[in-house]
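Look for chain A in each of the two complexes below; its partner is chain B in the first and chain C in the second.
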Partner chain A sequence: MTAKGQGRTAFAYLAPALLVLGGLLAYPIYQLVLISLYDYGQEQVSGGAPLEFLGLGNYQKLLGDQQFWGVFGQTVAFAAVCVVGTLLVGAFLAILATRVRTWVRMTLFLAALGAWSTPAVAGSTIWLFLFDANFGFVNEVLGIQGFSWTFDKWTAFGLVAAQVIWCSFPFVMVTLFAGIKAIPGEVLEAAALDGASAFRTAWSVTLPLLKPIILVVTIQSIIWDFKVFTQIYVMTNGGGIAGRNLVLNVYAYQQAFAASEYGLGAAIGVVMTVLLLGITMFYLRALRRSGEVL
Partner chain B sequence: MRLKALVAVLGVGAVVACAPVQSGPTNSGTDEQTGQLRVWLFDEVNRGPKEAVVKEAISEFQGKHSGVTVDVQYIQVSSRAERFKAAFSDPKSAPDVAEFGNTDLAGYVSAGGFSELDLGKWDESKDLVPSILDTAKVDGKTYGVPWFVGVRALYYRTDVFTELGLKPPTTLDEIATTAREIRQKKPELIGISAGGKYLFAALPFIWAQGGDIAKSDGGKFTATIDSAEAKAGVAKYTELIKDDICPPATCAGNGGDASVEAFRAGKAAMTIGGDFNRKSVDASSAAGKYGVVPLPGKTKGSVAPAFAGGNLLGVLKGTQRKTLANEFTQLLASKKYQQKMYTAMGNLPTFSDVQKQVSDSDKFLEPFTKTLQSGTKFVPVTPAWAKIEAQTVVPTMLQEIVTGAKNVDTATADAAKTMNAAFTS
Partner chain C sequence: MRRWLTEGFVLIIAAVVAFPLFWMVLSAFKPEDEIISADPVPWTTRPTLDSFTRALTVANFGRYFLNSIIVAVIVVFLSILISFLAATALTRFRFRSRTTLLIMLLVVQMVPVEALTVPLFFLMRSVGDSVPVFGLNHLGSLVLVHLAFSLPFAIWMLRGFVAAVPVELEEAATLDGASRFRFLWQVLFPLVAPGLVATSVLSFIHAWNDFLFAKTFIISAVENQTLPLALQVFVKPDQNDWGAIMAGSTLMTIPVLIFFVLVQRRLVSGLAGAVKG
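Then we have the complex of A and B:
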């Protein structure tokens, strides 16, 4: 078979997957970009007004908006705290799980899976009940009835971050636990025979072997936490007092979709997609430079 | 080479399908006299009595028109925006007749969702209160029949006022002083339960000072929320959401429901509530020990202009049974059924004679009908208002002031800027 023929066969094998990807990814993104170039509101959708091509008008409006940048900075910081928190809690519990007895581990996993499988709206609402100013369990235990967790900007963000970490650490924990368990016993034994301390073993043997897995869970977490919507929307009642707890997704929803400015909303969507792609690329490149085989 | 081909393909694709989709409730042109008439009404917390009245109207209607059935769907108020947007985009899933809030009207009309109504041949229509009928008009054309109207007034706790030897406030300024005094003497009570998201409680304060949200110049709106009068009103209202009256930590995030809820729970000495809140207050710990007066205006004896909220019944543009839809709308909105709806749900009628009839027989309604008679006001009738509401411009402004993030001047100036952007887009 010639090289060309081989290529054709390979393409034929890839075609079904490409078709699915094209349908599910390329087409929506194409539509998103297209809509972002128009003044596309409810009037235009339902045919009450003609379409108007704006070119980059929506982007100009967005990037020239001071509030957008404020919300953007807030989102990055919030996502960063959530990612770090999720990874730390997940990693700590994964290590803990390898050191404890079976029944303790089983309990830990069941509890974590419970948190993981709770729908975001339900989880957020339950947390709100727990932290209710007057009737909440937490305030009763702490003896600070009447204290509102959701009023102050930072306690509100803290509360939401805790909820986000609570519902996303199980994924990190389970994945890392599996990764640790998959490290061959001989390698650890060899390190022990060479007289490596526990810390040295963790730093020079376990961690490098876990790197690909840590990479995956970090990128996943970044993407998830950057896109948080439900928790902020439910727990801060749509972005907090005077919108000071807004994150990008909620902002996009409020400014664009609730206000029927789909063109502007699509522009925010495109900006977010580009940003997340950028972050992921940057992260992958940094890792490749450090000699990791991907 | 491969890349170039790909780019070329994408380019061609972009040229072929170069615009987002548009659909439309184009006038179907048909006007069938039989079949199923679809109706959307709002769901209520306690829907039973409403449903009973509607069923009665349906059987009367079906009795008059053989071969016609009426199918009613009760939709949630909270998800109405999505439901109506979907209905306008896809006429097949749309109803023929729908109940909708009068603040949503301008947006729905500009989306091409509702058809103009000709009320000329309908005798009863001449008794509709003009200022209420105005809430069903866009650019002078009528798109709905006012089904009921809702106004707010000042609820206060008679037991607390008697105990402290107080009288209900008679001027706008007295609201704050009275509320402050109550909280001082009874620190466990909120002086007046006002909310940072309670737009319809804040508006009368602005109107009473002679200010407004925006002014219209031949259909072109400009924000006036930063005028001296409006700022005075905003300052008066935000003064209420302070630690010595209604602490921001409790009140800043409250909308209308939450504000009234604090009164129901017995935690507030006053609140601004609607005639429609009566049943729920009567079923609360404040039952039997509260009174209602019109919200006082700037001078003694005057009434602050209230917001004329309420719901309309209208006919959708894409309907295939225009005549039937019109007839059903007029039947359900008729004097007879408004009277029945008042008995069932306590909804204030929109006909002046029916209004008088019900308030004569029910003393509770007096402060509300008095408020209605002394003149009501409305939010700007432009599709941009829906946008401004969705972007929570006014609540954000109020909250920025009560949390001290901005002063009145800056917050109102910023709000005016955002509104003007929406008006001109």
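Then we have the complex of A and C:
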């Protein structure tokens, strides 16, 4: 087939995908930026008031707003705790999994699979019930009935973080386990023959070989944990008392759909998108460097 | 000795990880007085289906279950069709903008879809003015957004599976007189089926689990809510019907769990394939 014919057939095959992605991803991204430049409130939505172009006004308002910076800091800290927790738990269990018999490992993986596959809403609700002040099993075991985990800001954040780690460590564990298994036995034997200690082998042989995989799961976790929405929304009932458990995603939602400040909500969305795309660029560069080709 | 210790430890961890799910199923089968007892115990001597009955009748979970299934199945069906064609185009043909498209597919996966609720809300509102089925308060709007969100990853993942089918096979099929269309659907499609299974499970789960868009789009049409939203509506401060909530959660989790267990191997190898390209 000629090059031109190839191109034509290719685009015929691609047309439905391009149509959907263009209309429902590319166009909304463009709209997101556009809306963030306007004063877009309830009066404009209901059709009466004219749109007022603000330029970067919404962004100025955001950057000058103390609550925004508070929520921003909370989001970064919350995501950091979740990422570190997920990676530590996942890596630790992946290593343990290589040292036990198959049936024990299968039991662990099956349990992890259960946690992994639980829908976020269901998972959040189950955890809420387990940690319920009066009827929860955890308080019964700890003997602190009546203690509310979701009332205090920090215990609430801790509870949500624990739930997020519970449902996201399986991905890290399974991926790292597969990576460790893929290291050829001869490499480790050679290290042992050369007299390397177990620690030395882990540090100088296994870890460098796993680096690409560790990078992938780290960045993947950062991206996921940075945009946690459901868990926060469900477990702290929309961002906690007086919004003290907000993260950026929930904050944007509340600004847009609860306070009808659609322009401001869109601006927060743009900030998040830019941040995550920055991380993605880093990811792409790292992938390239580790020798992946598109 | 040390291995016994490690294995014992791993089994305890497995039990802790599985405990929330165990508690969910257990609570779903407990009679009401045991659920709201001040001294909950991790067993029950009087299992009952009362909570399921309440969830399905009082809270109308059956209807929401059906809605969730409808959305997820249509999304899976369409995304298989569209992503298969697109993945074939991106692996089997050489054209100028190919690399650009691939990079865009990767980048677009990283866009936080949650940030797009505002523009998508207005988009669905105006779509609804001309085609109500795809507008706000209708399941069609959910189908559209989940289709769009699951496509980039589905295409990306299928690419590896299509690439793994030798080109010689196509040449042989052409020599045997098969048309391009026949080759596509009768030769290539069955061969990449394992990849299709993995991608469709992910699309299914994505649509099935969604909470944010269901919450944003289905504003007033209670009959068109999906499971995650229904479950959330159920949770009321201080007067939760935990039994029914746990029964609902169980109903919601079981399909995903079954899917996951069925395809876990393919999923992991598919993910590895997607990373390796």
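Annotations for the structure displayed:
By definition in this document, the second predicted complex is superposed on the first by the 247 of 294 C-alpha atoms of A that agree within 3 Å, B and C clash if a C-alpha of one lies under 4 Å from a C-alpha of the other, contacts with A are read in each partner's own complex, and residues count from 1 in each chain.
Here, a contact is a pair of C-beta atoms (placed from the backbone, for glycine too) under 8 Å apart; a residue touches a chain by one contact, two chains touch by 3 or more.
The structure displayed is predicted, hence computed values, not measured ones.
Legend: residue contacts after superposition of the two complexes on their common chain; A:A259 is shown touching chain B, with no touch to chain C.
Residue contacts after overlaying the shared chain place A:S148 against chain B, while chain C stays out of touching range. Applying the stated contact rule after C-alpha superposition, one finds that A:A115 touches chain C and leaves chain B untouched.
In the superposition on chain A, contact of A:K227 is made with chain C only, not with chain B. The partner of chain A that touches more of its residues, comparing chain B with chain C, is C. In the superposition on chain A, A:Y13 makes contact with chain C only, while chain B stays out of contact range. Contacts of A:N237 after superposition on the shared chain: both chain B and chain C are touched. Looking at the shared chain after the overlay, A:A97 reaches chain C, while chain B stays out of its contact range. In the superposition on chain A, A:Q31 makes contact with both chain B and chain C.
Overlaid on A, the two complexes show chain B and chain C touching the same residues of chain A, namely 31, 35, 237. The residues of chain B lying in touch with chain A in their complex are 13-14, 17-26, 81, 85, 88-89, 107, 110-113, 196, 248-250, 252-253, 383, 386-387, 390-392, 396, 399-400, 403, 405, 422, 425.
By the touch criterion stated above, chain A contacts chain C in their complex at residues 3, 6-7, 9-11, 13-14, 16-17, 20-21, 23-29, 31-32, 35, 93, 96-97, 99-101, 104-105, 107-108, 110-123, 125-130, 132, 134-137, 140, 145, 166, 174-175, 178, 216, 223, 226-227, 229-230, 233-234, 237, 249, 252-253, 256-257, 262, 265-266, 268-270, 272-273, 276-277, 279-280, 283-284, 292-294. Those residues of chain A that touch chain B in the complex are listed here as 30-31, 34-35, 38-40, 42-49, 51, 133, 147-148, 150-152, 237-239, 241-244, 254-255, 258-261. Of all residues in chain C, those touching chain A in their complex are 3, 6-7, 9-11, 13-15, 17-18, 20-21, 23-24, 27, 35-40, 42, 81-83, 85-86, 88-90, 92-96, 98-99, 101-103, 106-108, 110-112, 114-123, 144-145, 147-149, 151-152, 155, 180, 205, 208-209, 211-212, 216, 227-228, 231-232, 235, 237, 240, 242, 245-246, 249, 252-253, 256-257, 259-261, 264, 268, 271-272, 275-277.
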